[in-house]
Each structure stands twice: as C-alpha cells, then as structure tokens.
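Here come two complexes built around chain A, the first alongside chain B, the second alongside chain C.
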Partner chain A sequence: MKNILEIRNLQTEFSTEQGAVQAVRGVSITLGEKEVLGIVGESGSGKSQTMFSVMGLLSANGKITSGEILLNGEDISPLAFTSEKEYEKRMEKLRGNDMAMIFQDPMTFLNPVLRIDTQLMEPILNHTNLSKEEARKQAIELMRKVGIPSPESRMKQYPHQFSGGMRQRIIIAMALACNPQVIIADEPTTALDVTIQAQVLDLISNLKHEINSSIIMITHDLGVVASICDRIAIMYGGKIVEVGTDEDIFYDPKHPYTIGLLSCVHNPEEESKELKPIPGSPPDLLDPPKGCPFVDRCEKAMKICKEQMPSVSVFSNTHECSCWLHHEMALKGGDVK
Partner chain B sequence: MSEEILKVEDLKTYFDVTKGLLSKKQIVKAVDGVSFTIYKNETFGLVGESGCGKSTLGRTIVKIYDPTGGKIEYKQKDITKIKGAELKQFRKSVQMIFQDPYASLNSRMTVGEIIREPMEIHHIYDTSEERDNRVRELLNIVGLKADHIRRYPHEFSGGQRQRIGIARTLALNPDFIVCDEPISALDVSIQAQVINLLEKIQKEMGISYLFIAHDLSMVKHISDRIGVMYLGNLVEVGPSDDVYHNPLHPYTKALLSAVPVPDPKLAKSKKRIVLEGELPSPINPPSGCRFRTRCPNATERCAKERPGMVQVGQRQVACFLYEK
Partner chain C sequence: MVKYIGKRLLLGIFTLFILATITFFMSKAMPGSPFAGDTQRMSQDQLDALNEKYGLDRPIGEQYVTYMSNAIHGDFGESLTRRGTPVNEIIATSMPVTVKLGLTAVVIALVVGIGLGTAAALSKHKWVNNVVMFISTIGVSLPSFLFALLLLLFVGVYLRLLPTVGLDTPLHYIMPAFSLALYPISMISRLTRSSLIEVMKQDYMVLAKSKGSSSKTIIFKHALKNAMLPVITYAGPMIAFMMTGSFIVESLFSIPGIGREFVSSISTRDYSMIMAVTIFLGALMIVLNILSDIVNAFIDPRIKLGD
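Let's look at the complex of A and B:
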C-alpha cells in the first residue's frame, strides 16, 4: 500500500506563561491510500494537536520543534520551508485541495452571516478553474452526495436554518469539495446525538467506498473507532503508545493503557461487569515524565518505566506497541534492569 | 420490589417562549405527561436525545422548575406544591449532581467552603470544627485527600471536580440524588472512576438515583430500570437488561441500534436502523404519537390518537403495536 501521509518524529510545543507545554512528543505514523486511520486518546493526549500541526493550524503560541510531515513524499512541515510566508503560501494551496479538515462543532464552524452556497462554493472557486455556474452545480451535487434533501433550495439558506446533523453534513460536503487526498476528521460526531451520529457515521462509511480520500478520524469514542476505522493508533501523553489494525487493538491489546481503556467502557452487548477504571489522571505535559507517560497509572510499572521511554516492540507487520513489558528482557521473565 | 421513594404522575412542565407582546402564544412542552416510579435503593436510568426533556424532568423533580401539571410524590407525600420550610426540608433529602464540573462549582470558594455550605444552610452540626471534620470525611469517601480542603476548584481536574460535586451532594445525607449527565463531560478512563464511586456510595448509604444520560451503554451498566424519553414523553420503561436486549418501542429499537459498540467485528456487521429526519420541534409537536413522523411502523391511527402505556411483561411501552 502506498503511503499518502507520513509523519516522522513530530514534536510540537506551546509556549505558555508556566513554560513550554510539550503537546506532541515524537509522533510517527503513516496513512495509506484509501485507509481510515483512527487516532484515539483522552483530552490532552495530543491527538488533535498532532493533526493541527499537519494542517498548519496551530494557535499562535504553538510551534513544531522537530520532525517531518511527508505528503506524497513532500515535506510540508514549517521546518522544511525557508520562511513563514513561503510555508503559508504552500499550505494555502494544500488546505482544502489536498488536505481537508472536518471539525468537531458544526455550530461554530460555519459562518453565520454567509449563505450555504457561498461557503460551499468557496473552496471550489479557490482551488479550481471552474466558473461560478459550474461550481454551483458541483456544490449541489455535493449536497446531494451527503444526503441533504432538495439541495437547490437549501443552498440559499443560512446555517441557522439547518440542524446540527445537517450542518455536519455541509461541513463534510465542504471537505469533499476538491477531492482531497487526506481528510482529517476531528471528533466529527461528538457534538451530535446518537441517532444523528449513526446517520453521519453511515454517511462516512458509504463515502469511504465512493471517494478516493484517506481519512484520519480523531476521537475518544472507542465505539466510533470500532465501527469505522481500519487501523487505530492509541495516544497518551503526547506519544503513540500502540498501533494496530482494529482487530489487533480490540482483540489483542498489548499496552496496559489500551487494555485499561477497553475495560473502562461497557460493551452493552455483554453482561454487566464491574468497570475497571484507570486510577489517577493523565500526566502534566508542562513537565512530562522522563520515561513512559503512563507509568504513574500503570499497575505493572517497573523501575525502568520511570527512567526510560520504552522502545517499540513489533508483534506483526501491523501491530506495534511501546511498553517495557514487551521488551525481550521482560519477556524472559527477568525484571528489566 | 421495595417501597416507593418517588412517584411521578402525568407530570407536565411547559415553558412560555412567546416573543413580543402581541405575537401568538408559543409554548414549549418540554415534559408532557410523564409517569413513573422509583423504588428505594434503585437506580432509574433516563435516556433520550438532546431536547427530549430529560433534564427538565430531572429539574422539575428536585423542584428547580415548577411543574405545569401533574403530581410528584416523594416518600408517599405530595410535594408538587410545597413551599417554605417544607420545601427546604425536601431539598435536604433530595440532591442533584450536575453535568458540567467546571460550571457547577463556585471558583471563588475553597473546596471546604463548597462542601460546608449545604451544612450551614441546613444547620447540620453546631460548630465549624464538626463541619470541617465532616468535610474531611466526605473528601475521603469520594477519593480525595483531606488536605485538599483549602484548595480552589481550578486546581483540580474534571474528574476530581466531579468528585467535589458528589461530596457536596452527600453533605446532607440525602436519600435520593438526581444525576444529570454526571459523566458526559469526562474522559473515558475517568468516567469509569466516577461510575464506580456512585455505585459504591449507593451500596454503602442506600441512596436511590435518577440517572439521566444520553450514553446508553453507561446507563445500562448502572441502572436497574430504564426509561426512554422522546419529545417530552416516556415511550418505554422496564428492567435495563430487558429494554436493552429486547427493545419494544420502535424508537428504543432505533436508538439502541445507533449505539456504537466497542467491538470492530460486531460494530461493522451491526445493522443500524437509521432514523430519517430530525427531532420535531417541541413547540409544535406532531399530533397523536410524537414519534410517528420518524417511525417506520406508523399508521393512520398514530396521527389521531396518543398511545397510552401498555403493560408487556415487566415492561410498559407507549405504542399501538403492543395493544391486544
């Protein structure tokens, strides 16, 4: 499988009054062609900031301090450009055209004073040579594709005339407008009700077969990931702790955090069991732990976990995890140093 | 079943949302004729989508809102219209845990002051020392440290703040707590901590819960019985396992099929009943059965008459499909 997007050892920091918050601490991940990759983590795990780094959408106090972001082999991290201006120029070409983003809150993403047609035609007019009439036709086609009834008349309406689910469909239509290679969806269904969430998830999984884009789905909801993703990365404390296919992660989790996360959620199809919460709370990324970020909450923590970040253990060509428990020394039964 | 603690009969809560003096009167029927009973030591889960009236129902029961009609009985006593000293007495026994742990704690008060305040209002204990001791004890119960007493809410994480909120509700030794989406603002790994805490408290102190949530899998986990709400009406009530594994009402069926399951094989093969359209406006709800505009089984009769509750085994369901 060809890699569309490849992130190598990405590090992103935010300068705050208290010091530098190391939100992303060396993330490496690849996204294959037509693949749906889920990035799962709790708030503050760095999942959204990783993707904002890719899109060049970090807030003013955030910056990428090292790493590469390869889109079809071209490094698009700001570090690869000679000036800020050049980086912005390149990103403006890429955003909306090659990479698009779907945001969490459909209520705040659309401009309330512009009609839907204006907003939906904007990316098309900006990135293609189509005339206004052709762009309108394409926009209507897009609205039909995402399941908005009578698109011709609804085009002329304003965002407040649409419900939450419908607005999210419009945002999806905007993301699809220029057939991007990568679509990044940041918690696209979190703000929606369950039945509306089901509609949107159905839409995304149907679109998956129709369009040629690869999708990155950022979410904290394990149910959502299970229903839609091919491959899953689990993030914790600014690092990816485990990567695998959906079945690797759900049926054969290796990292204690992944295992903990799965036992915190109740699978309603099964009999009620006692939930096993993970004690404590996530690490402070102002002063991240030297070793494994999960060490303070891990019941299997060893001495070395506090001191050194574990290396990556490879279980199969799809399944990897960073944990000392799977280091060959630990597997031999000895305590790792 | 043991004795009743709360009984709600045909409860209605309407809000007047008329804009302007001369415009047509507009009424939101947030809760429109709901009846159910909660027994002692029981957890009753109330689920529904946003706008279905579940939070309004919870707030009407603790008397934050005045009901427009119907009757609320608490411990066999009609409390629908109580006022003054009686109301204060009632509030001592019934408490509420709120959804947003960032908004429900006063950021200018220390944790100690927050938890002590209800005891001061209701004159429990005579000296502030006794109260402080009780605060420390409560902090201990909810899994915080006694020396947190002098800290401010901003020094705590979301899960810890929710624990402070729980400690505050326990300060008065209530018999009944309304939990209004207590975990939906929290991370997954923290949600389980709070759920386990609520279960522990229930076991130790014999408290009954009304647990309001939109996350069906958590509700099923914690509840003994579940009520499903749609647009101000209760459409199905029954033991949680029954409702979950064999939903009767077409809305419950659709709602449950929409829940994403944390299991890729099941989730990808699961057939979802995708409901067409959106929730109608509660200002102008559909005639007859509220769900008929989105119901795959709707008939002409559903538009004309409003279905009453039908008893099916241990369950009650408001749908003509189950009438004999």
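Let's look at the complex of A and C:
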C-alpha cells in the first residue's frame, strides 16, 4: 500500500509561562491510500496537536522542534522550509486542497457573521478556477452529499440558524470540498448529542466508501474507532504506545494502557463485567518522565520502566507496541535491568 | 423590521415631547430675561411691549400650550435676541456647518481608529502596539479644548501650517476635525485592538485557515467583521454626539455651528432658540440611534430587531 502521509519522529512544543510543554514527543506513523486511521488517547495525550502540527495550525506559542512530515514524499514540516513565509505559501496551497480538517466543536468553528454559502464556497474558490456560480452549484451538491435538506435556501442562512448536527455536516462538507487526499477529523462527534453522534458517524462511514480520501480519526472513544477505522494508534503522554489493525487492538492488545482502555469500554457481549477505570492521571508534559509515560499508572511497572523509554516490539507487520513487558528479556522471565 | 422602526419612531416622538416639556419649564425657571441686555436702551414701556409681543407676560401654563401647539405645526417662533429671524432659519444655516465638520471628524475617527487598532493587534513588532496604546491613552485623558489649543498654538500660530479660523477651505477642517476626533480615535483604536485580539483566538479563525485562505483573507473577511461589532455599538452614539456639535471646538476655531448657537442661546435666555435646538438635536439623536441599531443588526445576523 502506498503511503500518502508519513510522520517521522515528530516533536512539538508549546512555550508557556511555566516552561515548554512537550505535547508531541517523537511520533511516527504512516497513513496509506484510502486508509482510515484512528488515533486514540485521553485529553492531553498529544493526539490533536500531532495533527494540528501536520496541518500547520498550531497556536502561536506552538512549534515543531524536530521531525519530518511527508505528504506524498514531500516534507511539509516548517523545518523543511527556508522561511515561515515560504512555509505558509506552500501550506495555503495544501490546506483545504490536499489535506482538510474536520473540527471538534461545530458551535464555535463556523464564523457567526458570514453566510453558509460564503464559508462553504471559500475552499472551492481558493483552490479551483471555478466561477462563483459554478462554485455555488458545487457547494449545493456538497450540502446534499452530507445530508442537509433543501440546500438552496439553507445556503443563504447563517450558522446560528442551524442545529449542532447540521453545523457539523457543514464543516464536513467544507472538508470534502476539494476532494483532499487526507481528511483529518479531530473528535468530530465529541461535542454532539448522542443521537446526533450516531448520525454523524454514519455519515462519515458512508462517505468513506464514496470518496477517495484517506482519513485520520482523532478520538478518545474506542467505540467510534471500532466502527470506522482500519488501523488504530494509541497515544499516551505525547507518544504512540501501540499501533495495530482494529483486530490487533481489540482482540490482542499488548500495552497495559490499551488493555486498561478496553476495560473502560462497555462490551455488550459480556454483560456482567464491571467497567474498570484506570487510576491516576497522565504525566506532566512540562517535565515528562524519562521512562515510559504510563509507568505511574501501570499495574505491571518494573524498575526499568521508570528509567528508560521502552523500544518498539514488533508482533506482526501491522502490530507494534512500546512496552518493556514485551522486551525479549522480560519475556524470558528475567527482570529487565 | 418596518414595524420595529415604526415603534421606535413613535417612542421617539414621545421622548421628544417629554424632553420639550422639561426643557420648556427649566429654561423659564432660569432667572433673567432675553431682553436683559437691552434694558439700558429701552424704556419699561418698550420692554412690556416686547414681552407682550412674544407672549412672555402670560401665565406659564398658557405659554406652554401655545408653544407646543405652534411647535407641532412646525412653527418654532422667532429668535428673541435676533428679533425677526425665525429660529428654523438659524438652525438651517448653522446645522450644515456642524454636520460637515462632524462627518469629517467621524470619518477621521473611524479610519484612524480602526487602522491604529488593527495595526496594534496584528503587528509582529511590539513597538507598534506600544505606540498605539500610548497615543490612545493620551487621547482619552487629554481634554479636547486643551488639545485644540495646543494644535492652534503650535500648528496654527508657531508653524503657520494650517489656517486657524473658520471653515473656508478643506485645510480649515483639519485642526477642528482632529480636535473632535481625538477622543473617539483613542476609544475606537482600543476597542478594535482588544476585540481583534479576541477574535483572532476564536476557533473559526482556525477553520478559515484550514481551508487554505491567505492571511489577508482571514483578517479582512473573517476577523474584522467580527471585531467591528463592539466598535459599531460604540460608534452609533459617538456619531450622534459629533453631529450635535461641540461648543468648545466651534468657539475656539470660530466656526458658526449649532453647538455655539446652542450655548449662546442659553446664556442670552433666548427661549425659542433653546427649545428649537433642544428638540432638533434630540430628534437627531433618536434617529441616529435607530440607524445604528439597524446597522448593528445588518452586520451581526444574530441580532433580531424587535426582540
């Protein structure tokens, strides 16, 4: 499978008054053609910031400090450009055209004083030579595609005249506008009501078959990824701790954090099972631990876990995990020193 | 919308009625007479004749009824100090002068204020922000008469760059308009700056950027319209205020505007002038306020007129 997007050892920092927050600490991941990749993690695990780094949408105090971001083999990390101006010039061409993003909160991501048609036609007018009339036709088509009834009249309305679910559909339509190669969906259902969540998820999984884009789905909800994703990456403390296909992750989880996450999900097949929360809280990324970030909450933590970051153990050509428990020394039964 | 405007206009007429009533009795309560300056030259008989001619010898209630019924028919009487000249005529000659000067000042205040505020909010150089904040602090704290005097002294008298008296050429407008605009410039630049900084942090700015829009489009299409909402709320009454003239600026620059007429009519007890100018400026205020509400609703689609 051809890689559309490849992130190599990405590190992103945010400067704050307390010091540099290392939000993303060496993330490497690939995204194949037409693949749907889920990135799962709790708040502050760096999953969104990894993708904001890719899109070049970090807030002003955020900075990529090292790594490569290859889109079709071209490095689009700001570090690969001679100046910020050059970088922005290139990214303006890519954003919305080759990569698009669906955002978390439909109530705040639409501009309240601009009409829907203005906002929806914007990516089309930015990236094609279509006239306004042609762009309008295409925008109406997009609204129909995402299931907004009577698009012709609704185009002329403002965001506050739409419900949350409808607004999220509009944001999805914007992302689809130029048939991007990569669509990054940043917790697209988190801010919605449960019933609307299901509708929006249905929409995304239907669209997945209709369009040619690869999709990255950021979420903290394993249920969401289970229904849509081909491959899943679990993030914790700014690092990817486990990657695998949906089968690898759900039926053969390796990392204690993944196992912990799965026991927090209600499984309808095992009725009596109690949900088990993971005790403790995630590490402070102002001063990240030098060993495994999960060590303080891990039931199986060993001495070495605190001191050294585990290397990657490969289980199959799809399944990888970073945990000392799967180090060959630990597997032999000896304590890893 | 039409219903809303109609309702506001009716309310406005009621407000004007109250305003006229209060002003009528308060001006009569002031000691003195419009003819006080003439007492040396006139005999008691002549003064009585004048008082009788203008109805000032009647009981105050009767004067009020007569005045109001004339006013409703558009007759605001003659000036009591410039006898023979209807007050409507005085307003008609002095008002355009004030409006021209006021509009110039409004344009200056909006252009300079929004420009400075935008520069302060978006510039990558910290000194730009510091300079704008310094100017706006001075502008808020410096009274306009002092600023006007300083301008007159340095630009008009010492440097002889600009004319100091009247409004004959466009150059004449510069100093009085800036004197009027200084305070609004400061307020508008502060408002623009803080609201633009706030807007730039909003989520919809990130979405706009994610669509591949240039930073120019993002600022002018997405940010400024949102950032202008508080500025417009402020600008409505500000424009009304500037249109009603400034006694200080008009006096200092010898401009025959309505602000100067108004204040001098009070000191000479020119009752009919006081009344007419009050009603006229009150009506102007009301209309401008309705207009600014309409503009507000036009810019912010979330505002529904009539709620």
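Convention: the second predicted complex is superposed on the first by the 335 of 337 C-alpha atoms of A that agree within 3 Å, B and C clash if a C-alpha of one lies under 4 Å from a C-alpha of the other, contacts with A are read in each partner's own complex, and residues count from 1 in each chain.
The rule is simple: a contact is a pair of C-beta atoms (placed from the backbone, for glycine too) under 8 Å apart; a residue touches a chain by one contact, two chains touch by 3 or more.
Because the structure is a prediction, the values reported are computed rather than measured.
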{"item": "Superposition on chain A - do chain B and chain C clash or fit", "value": "fit"}
{"item": "First (chain B), second (chain C), both or neither touched by A:Ala226", "value": "first"}
{"item": "Partner chain in contact with A:Gly73 - chain B first, chain C second, else both or neither", "value": "neither"}
{"item": "Which partner, chain B or chain C, touches more chain A residues", "value": "B"}
{"item": "Chain B versus chain C as contact partner of A:Ile171, first or second or both or neither", "value": "second"}
{"item": "Chain B and chain C, minimum CA distance [Å, superposed model]", "value": "6"}
{"item": "Overlap of chain C and chain B interfaces on chain A (superposed complexes)", "value": "none"}
{"item": "Chain A residues touching chain C - in the complex, by the definition given at the top", "value": "55, 57, 88, 91-97, 100-101, 103, 105, 108-115, 122-123, 126-127, 158, 160, 171, 174, 177"}
{"item": "Chain A-touching residues of chain B, taken from the complex the two chains share", "value": "49-50, 157, 159-160, 187-193, 195-196, 214, 216-218, 220-221, 241, 244, 254-268, 270, 272, 274-275, 278-279"}
{"item": "List of chain A residues in touch with chain B within their complex", "value": "42-43, 163, 165-166, 193-199, 201-202, 220-224, 226-227, 229, 246-247, 250, 260-262, 264-269, 272, 274-279, 281-282"}
{"item": "Residue ranges of chain C in contact with chain A within the complex", "value": "202-204, 206-215, 221-222, 225-226, 229, 299-302"}
